[in-house]
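Structure, as structure tokens:
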């Protein structure tokens, strides 16, 4: 039996391990060779070997942080992109080298960056899905402080850039005027100060001229327009290739393209308890329940998320790092995708009834000395002297809750009253008085007590020594 | 009721049962004899479908087991040598379970009947784990009889019983047989076979070496018989004359009684009487010692087996 | 006709064994130990955690302890199933059963039905225990019906797996070692797989050895997923927490197929091994 079992395990291992190895990115030998190569390169301190290659430079859509690119080098035959999103792509000729320290392919764009002219043809088998021409685009940062960008295509992008350019020029002009006014203001103040010193008479407050207001720069930022192929496809498997103006496929440009979509849409919350402002955490999954003890004040900072396969997502963002995402084919993760609009409200429900509606508001965190927490969180008011010339610390929903029993539900609704998918969460307050603990430990003993009773009853059926046959 | 044809079972190179033809008639008690490893249990297991034959066929109630597995099984009762019981059950629970399994009607009364038969009704509420070995054996018999089987297959039915228990079981079996139950009894207690069986089969090394009535088998197994003759006026001349007879193998004298070992192929009592009377003697008593099957069986040697096998094939 | 007889035979056998389970102390003691362990190891810790942090979030708070409790109870029943056939074969009671109107299919069905009936008892106690504990602590539990149905299918898969191993082995100890060993391996494998997947810190991400091990586990996982009964529950509970009815039903269906395949293999193994000691 043991021999048979051992044989079966051996058979499974002989099948499983080679299968797994065959799909693994690197064999142990390759890893050893890799490390050796790395060692040699580091010890020689020489430049890595560069090779001229035709590569695809890809700027995949990655939510509000778009702009980070990757490259698909010669030996990578598959590119991954998110479905129904604006992904940017170009075919270029450059020098590529492998940098063993960070284990990634790098392109020497500074020395060689030749755009391959032509169209990008997208096929599914023999069927041509699309033939793309390069389009103009800009990166548009609505608000530079947030670092969140969007891609705006075509004339709209150009217009945004021109508007931004004009606004910046205007800002520089206003700024110049401001600095001049400021200088003049200082000279007036100096004159008043001298007068006071000479006459020893104070000047009434309303006679002191007000300082000129500092101009505010445009809140956004727009990059200068550039061109790329805009790949926005539904999920599926495709093939891409560059074709020249004669319709001929440019050698070395054919690659597979996997376009993938999210498994779920959701809303994540950054949860910041008022009492532990610096210890915050996130809730991504609608199946997560928020637990409180007693009455608690906390802030929820929401943002849109989508759940993607981690392998595909990593490959889309980091194709130049071949190890990235390996071993994560069965893993799923939440990716931040969009900011929540200001007019979205948070509803608190009890037994399906809305009991409270919380607006999305800006808040300001005032650092304090001596106060127990070291800070006070205020609702933002730019006219409040504490917050004068300051921006809000954050935007969010303030909740002040206690759940005496059962649960509350929270969810986000937009201006039209639609519930944002994945925004619902359950909120509960725990109970933990001594009676609760007693019950918690005593209830599990019910089966045991019953078992003892059954056992004793059953034992009585055992014949006792010396039992006489009944008549 | 039970018939096999060319029944064969091989375990790798070992032939456990070799081309076995059995035929158990309705209402008879059939003894199944053979030394350990002869293939008796393998044969029984094949009859019950628990071991698949390598070759040959089996008919129970004239049907192949696979034709009507569940109904055939319901009509058979089996008592094995070892008494495997669910020891965490009471006797009553156990019988109720088997009663349901076999589809026994009026189960309460039937439990009362069979437990009454083996004198265990008063202990029906006790766990079987507490029963003695003998009680377990009797209880197993009760379980075997519970569904009123038409065929009883019994493997060493009295092996762990005291003489009283043996008699009790024997009486029960004979009573069941009187009611028409066919029985196949495999036992090493040959006296039991002899006392209860109508026909006996002897199996050796997987082969059926003999299948006959008790008398027939006894005859086949015994080449000589012993005769005690009490003679009034026994003289040396009479003794010498008897010794000279061709069918006499040896003799001894004790007072007026002569013990003769003689051929068993014929009845020589007439020849003996005539010779004694001719020489002036008066025959007061003449008794033949009937050799029990057990005595015969313990004398089974390779030679005897061969003899039986030869006779079997000649027949 | 013969299937009806088989079902009847299986039902009677299951009833007997179920009665035996109910009259023995094992199931009661095991359930108490499991529930007590969950109260001490899970509920108490969660309460302390909330008390310490003030506000925390817990993913699938009802599912996790339920999974532990039901998983352990199912393993216990699986061990019982794994023991049962080899014990009966070892004790000879199996042979006695087969003297009568019992065949391998009805026997395996009976064993399976009995363990499932025993699971009914587990469910009743589990529901009482979790209802009371979740109510008094207000930790709450959602998707109860979905979890109960999923648990039935998980247990079904575990039990059929136990029966298969039991049918394959002649000795009780081998059955137990094999059943617990394999399940422990599956559990350790799944835990290691999930743990390595959860590590994505930059430094760890870029270690080739780490990536190699993670890939090895990830690529092997697709095989383990189909063999390990626990994986079926994980898939189902994931679908349940995602509210994905299609995936949930698919996980139930795959558990059911797993059960049928394992039981069919058990019947085959049983016929191959025979009923004798």
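Chains here go by letter, A, B and C, matching the order in which they are written, and residues are numbered from 1 within each.
Everything below uses one rule, namely that contacts are C-beta pairs under 8 Å (C-beta built on N, C-alpha and C of every residue); 3 or more make two chains touch, one makes a residue touch a chain.
Bear in mind the structure is a predicted one, so any value in this text is a computation, not a measurement.
Counting C-beta pairs in contact, the pair that comes out ahead of the other among B-C and A-C is A-C.
Comparing each chain's Cα centroid with the centroid of every protein Cα atom identifies chain C as the most central. Centre-to-centre separation of subunit A and subunit B, using mean CA positions: 87 Å.
Distance between subunit B and subunit C, defined via averaged C-alpha coordinates, is recorded as 51 Å. Averaged C-alpha coordinates put the centre of subunit A at 37 Å from the centre of subunit C. Among the residues of subunit B, those touching two or more other chains are numbered 88. Touching of two or more other chains is recorded for residues 458 of subunit A. Annotation for subunit C: residues touching 2 or more other chains are 23-24. Within the complex, the subunit C residues that touch subunit B are 2, 5-6, 9, 12-13, 15-16, 19-20, 23-24, 91-93, 95-103, 274-276. Subunit A makes touch with subunit B in their complex at residues 458, 461-463, 467, 469-471. The residues of subunit B lying in touch with subunit C in their complex are 45, 48-51, 69-71, 73-74, 76-78, 80, 82, 84-86, 88-89, 93, 97-98, 100-103. Listing the residues of subunit C that touch subunit A in their complex gives 22-25, 27-29, 31-32, 34-36, 38-40, 43-44, 46-47, 50-51, 53-61, 125, 128-129, 132-133, 136-140, 142, 169-171, 174, 178, 193, 196-197, 200, 205-206, 208-209, 211-223, 241-243. Against subunit A, the residues of subunit B that register as touching in their complex are 88, 90, 119, 122-123, 125-127, 129-131.
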